[in-house]
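Quick heads-up: structures coming right below.
Two complexes follow with subunit A in common, the first pairing it with subunit B and the second with subunit C.
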Partner chain A sequence: MGAKLLEAPIDVYRFEPGRDAAPRYERYTLTVEPHTPVLTALLKIRAEMDPSLTLRYSCRSSICGSCAMQINSKSRLACQTPIGPEIERHGRLVVEPMRNQPVLRDLVVDQAPFWRQYDRIEPHLKLDPRHPMPEGKPNPMSPEEVARFYETPRCIACAACFSACPAVEADPDFPGPMALAKLYRFVVDPRDQAHQDRLVRIQTGGLWLCLRCHLCTEACPKDVRPSERIRDLKELAIAAQGGTEPGSRHAIGFKENIRERGLLQEMKLVRQTEGLAGLVGQAGQGLRMRRKKPEITKKPRAIEGLDQLQTLYRELDHPAEGEP
Partner chain B sequence: MRRHEVIVVGAGLAGQRAALAAVEAGRDVAVVSKLHPLRSHSGAAQGGINAAVGAEDSVDTHIYDTVKGSDYLGDQDAIEFFCREAGPTVVEMEHFGTIFSRAPDGSLARRPFGGAGFPRTIYAADRTGLALLQAIWERLATDASRFTLYQEWDLTRIVVREGKVQGIVAFDRKTGLFEGIAAPAVVVATGPSGRIYARTTNAHSCTGDGVAAAYEAGALVKDMEFVQFHPTALPESGILITEGARGEGGILKNAQGERFMSKYAPHVLELASRDVVSRAIATEVAEGRGFEGGFVHLELMHLGKERIESRLQEICDFCRNFSGIDPVTQPIPVYPAQHYMMGGIGTNAKGATNVPGLFAAGEAACVSIHGANRLGGNSLLETLVFGKQAGIAAAAYAQQSSDRPVVTDADVNASQVPIRAMMARSDGEDPSKLRAEMQATMDRYAGIYRTEADMLEGIRRIRALKARYANVRIVDRSQVYNLNLTDALEVGHMLDLAEVIVVGAYARTESRGAHFRIDYPKRDDARWMRHTLARKSAEGPELSYSPVAYTRWEPKERVY
Partner chain C sequence: MKIAYYPGCVAQESGRELDMATRWVAKALGIELVEFPTFSCCGSGFVDEANLTLNVAINARNLGIAERAGLDVLTICSTCQGMLSLANHRLEDPAMRARVDPALAKIGMPYKGTVKVKHLLEVLTRDIGLGAVKARVRRPLTGLKVGAFYGCHLLRPSQESSMESPEEPRSFEDLLDAIGAEPVMYRGRVMCCGFPILFVKGETANRIAARQIADAKDHGAHAMATPCPLCHISLDGYQNKAEAAVGREFDMPIFHLPQLVALALGATPEEIGLPRHLVPAGPALAHIRPDPTAAPRA
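So, the complex of A and B:
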């Protein structure tokens, strides 16, 4: 409304596998207002310049999750990304399909890998027939209990996190940020009666493959903060079962290491994480490291002020009454 | 040819609830949708779902409010059934896993909504539709082997032979292949058709495909002239600002700083029925009391940051992202936009239409419980209550049917041949242009205020567009995800429905609910307390009328 108009060159990825030899980038130049969303521009291209441009879209108000794509190499919702700041920051606007899902055509990807991971975490309430729902009445739930889910139900399954995730790219066993955030939603739902089973199974089901890079949280258009939900799940999994996997043993070992000396004891951590067999398996690397950095195999001296650190640990493990 | 017992077209709340009922009845069910079920437009519903569960409230009051809100065009027997089902429906959805907002005592929180005697709208922050959609999908898909999902398939026709449903023809966007899917029972739950208008809160996918296909197949469509304009949408984009914003205490002001609703609804102000508030805003702007650019202000600032951000979280994001406004510190510019079709495929309270084997539910259907104006919070409830009924009825029909329905190659070709012709043209009409002209026509000639002259011009223009549509051209020749083909099909569907709207509105020489005729400003019960029915013919919609069912509530003048 009255804002200064902008001449925006938009480079759009075009590719139809099986028909085109290789992907290409097509440049469209549009006159838009700086706050015009990328989706609006793409629809203008479709309506006025090139009706063969192919993308998914529906609600244009960031609630249906259809229009996630790579905008200047970041996974974003096209309907929620204004053009002006993109051009200002990057000097250009490049629009490409999401990653980690094969391209069907142009900006449309095959979301089957994403939905497969979603299905894998069994995203529905699991009930125990011995504890039926209250008949004819809703389950009572306090506003505080609901607040534990405050973020996760905002998820619109747009797959921006799945696209941004390097662990998804590296390992097909990793459920991905969305599926894990969804799992968290069931694990804290007081109505669900399979919390323990879900936590035990996800320990071997890919939970510990998360790299903690937080790119999912950066990509999420609805502030679900999947990496924080994954961290919450890890805590709940350890509380439920202790360290059964290299991942959880590593986390526990790390914590105990620091508690003991205030410093990481790398050899000890390898043994804690991988077990004795693991230590043997990594012996070659250990010897090489020892040549470069002999102190690594020695037990480190305790740091100064270790007693204060240990007080902190005690506080965190057993918070005093009345603490939040 | 594929074969099932029940085909549900559309996978929003109504379609999924219908599918769940048919699956639970043991039928072989197909769900056909042009969107992944979780991307359905039901997810965009913000404010809440009505159920008279509070101690001070009663089912009778909910019935009365709905009858009054409908401007006495709703069928009272259906409304009674509908309101009685409300409580159990909400409880069922809670048991399915919906995360509703809660009151401090642990019960379901409720907020006031327009046209309701008590705070009766149960909600999940301001994303109630999304919360329900997630829960119903989680329930339905718990065992995905129980039904077949045709995801991103576009419906092109409903096949009827010898007066009975045979199945559908649809194509898979991923391959472009047209296929026949046979079944004795088809449930249409394709939702809204709001993209007939330019200024709409509806998603781009809301193009009335199922309603148009049913109309084409001989179903009667009902009361299509009743088009709800939601009072508060962002003026530029039409993005919805929930009625919950006024339910939480938001107020409307014109450019003179006047809280103008006091002139139009002195008792309930901003919480009058939607038709009343929309006309009030349109009048203020038309008479020069709007802001430059043609809108009024919705103020939330006095509610305080904490309340705004917790109960209207999505709204905060919408305003910040889509209009650069922070509702905590600034008023939101709003103007009415098309929001909901009270009309649709005519059904009874079991979802059955005049065509044996064809059922409908949700916004695509017209039972009618909303009559001439729907109350906020009643549409989510409608999808679930009547989606279930339609699913049960379709399952029972399919089980009893001894016919072996067939969708022939000729049926498939009847869809495919015209599309090949559209693709073969070297010159022809651009579907995007036809769509834009249709939308501008409907905004201008079939909007909030209507006159005979407008209606006649609207009919003339829509018919001219239909004539041009005969020469529509699809430029994109790819088989894979050809959206240009989808554009062409959708605009064809919408032009048929646009014609029904303007023809019905021209014929109805009274003002009732959302249908306001400047030349006939009064409700006329003696002549017009009846439903409009439209049947497709070569000359356009053939209108007939049917009586309104009524039980206990005598028509009265409607004052808020």
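So, the complex of A and C:
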């Protein structure tokens, strides 16, 4: 009993740098069942229509992480994405290589930028040499300790998050979602002895360039939720070290700013984050905006019930203790 | 309908035109906005990074205020929408409840968790309904090509309570259709405006904004529209910096969502604060063709 068959127009990105002047899209029309994965269709195209189509894949079961690509502009595993819903939504299927990594040929990218960022976080346990792992006890962690990084080991390093990330696209200093999620995993691993050092270094290593746009979390095929782990890292970094960078100063400054009147004091926040020098740097822009929006330099009203808000701060905002 | 109005900080300060337009639209469509001078800032994602538990408590207090009045909450900012609904979501975790509830008890503001948080986009497209909005249009925005720009936190992180697909939303485009404008589809519409790092690394933020504006322009948009005043700051207030960052002039007018609705319903540019924008809106309005079937203005 087969599902209703579907005539699927598939536009595939084709490009061989060095030989082709520019990328082109080749259209293949296939008759498939709606639940057919995109990867199966691409392999059929290669087997029956065009043996020169180049793609990377291996397990076909969302385990190896090899077949990440852009499917109708979303970073996805091709083996895990059925064709039917894509055609239904878009009327066609556009398959392109991942973003933020140079194309080697067709759907295959050079993953070097992704792995370079991963190396930067030193993704291995740093044990204290004075306290080696006890012999015969491979896992000296409690279930509660493991639960703190329960999601991260699910990562299959497919780079879908790296491909989806606008901060990666705009700034080579940003390590990317996967590297930071993995860093989080080592920071909260009780066996790792370099927590403090890792947190201090990542503050200047691009942590605060995360836009918390959550595109990585939506792209991740394994529900690792990188953006939430990056948030956790930010709070841990502030607890460990306070506001040493514009990013952490901005987060702390914002929190203090709201405590005073309950509403944001926009101009004061610029000073809190950037200091006096920064305020001077923003002066041109500020004046430009003030011409149209004269109230931006005035203090907002204080909310009614400000004492309630300040009690919440007293109850729940304890000063950093210097330890994550 | 009657709803607790949560304007957020920016619409009460540098983005007052958004508040003006929201009130205009609410009045025209019979939405009663109940105001609470006790509402505080939502934390804008920044307090969340410094102290997650505190931020959940701050928003539980905000939601508790509406709960006491028996009202759902209306937001007009993607970030307020995201932070308030995230608080609802996080309060489902018993461990979070255990940390937050004693502090709420101390200020006499318990929160049971019954309040729905709705952005104006949802109220217009779902509660009022596209048909009802369309029926009130006096001056359809025929000929105006608009790139909807959703703002991250209206869509992501997606939850079971989310209104639509986080990667392929349609509601904003449907609303543009209803008011006679022509929606432009482009990848950047669900991307980030760069605002969260505007004061962390301005140049990177400006490049990210430029990328989305360029994408809309290259797909033929005369203007962009956003349901988020933070996106508006990045795309309008800092458009000059975005242009400088990539060496390209955009002159792309950026509307707040209710401004376009109000225009179609008959508001004047002054009533909805269009002269307050840094990028003049006039050139976009010039694309609107007179519609012979439209009713004359009252």
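One rule holds for everything that comes next: the second predicted complex is superposed on the first by the 307 of 324 C-alpha atoms of A that agree within 3 Å, B and C clash if a C-alpha of one lies under 4 Å from a C-alpha of the other, contacts with A are read in each partner's own complex, and residues count from 1 in each chain.
To be clear about the criterion, a contact is a pair of C-beta atoms (placed from the backbone, for glycine too) under 8 Å apart; a residue touches a chain by one contact, two chains touch by 3 or more.
Fair warning: this is a prediction, and the values are worked out from it, not measured in the lab.
Peer 1: For the combined arrangement obtained by superposing on subunit A, do subunit B and subunit C clash, or do they fit?
Peer 2: After superposition on subunit A, which the two structures share, subunit B sits beside subunit C with no clash.
Peer 1: Who does A:G305 touch here: subunit B (first), subunit C (second), both, or neither?
Peer 2: The second partner, subunit C, only.
Peer 1: Once the shared chain is lined up, is A:D20 touching subunit B (first), subunit C (second), both, or neither of them?
Peer 2: After superposition on chain A, A:D20 lies in contact with neither partner.
Peer 1: Counting only touches as set out at the top, which of subunit B and subunit C does A:G247 meet: first, second, both, neither?
Peer 2: second
Peer 1: For the combined three-chain view, what is the angle at the C-alpha centre of subunit A formed with the C-alpha centres of subunit B and subunit C, to the nearest 10°?
Peer 2: In the superposed arrangement it comes to 140 degrees.
Peer 1: How far apart, in whole Å, are the nearest Cα atoms of subunit B and subunit C in the superposition?
Peer 2: It comes out at 16 Å between the closest C-alpha atoms.
Peer 1: Using the touch rule from the top, collect the residues of subunit B that touch subunit A in their complex.
Peer 2: By the definition above, subunit B touches subunit A via 35-36, 38-41, 43-44, 88, 90-91, 94-97, 99-108, 124, 127, 130-131, 134, 138-139, 141-142, 144, 174, 203-205, 236-237, 239-240, 293, 313-314, 317-318, 321-322, 324, 430-432, 436, 475-476, 478, 480-484, 487.
Peer 1: Using the touch definition from the top, list the residues of subunit A that touch subunit C in their complex.
Peer 2: 73-74, 89, 166-167, 169-171, 208-215, 217-218, 225, 227-228, 231, 234-235, 238, 245-247, 250-252, 254-255, 258, 262-264, 266, 269-270, 273-274, 278, 285, 288-289, 292-293, 295-296, 300-301, 303-305, 308-309, 311-313, 315-317
Peer 1: Provide the residue numbers of subunit C that touch subunit A in the complex, in ascending order.
Peer 2: Residues 9-10, 12-14, 16, 37-41, 43-54, 57-58, 61, 99-100, 102-104, 106-109, 152-153, 156-158, 166-168, 187, 191-192, 194, 196-197, 199-201, 204, 207-208, 211, 237-238, 240-241, 275-278.
Peer 1: In their complex, what parts of subunit A are in touch with subunit B?
Peer 2: Within the complex, subunit A contacts subunit B at residues 1, 16, 18-19, 35, 37, 43, 46-48, 51-52, 54-55, 57-66, 80, 104-106, 108, 110-111, 115, 119, 123-125, 133, 136-143, 145-146, 149, 153-154, 156-157, 189, 191.
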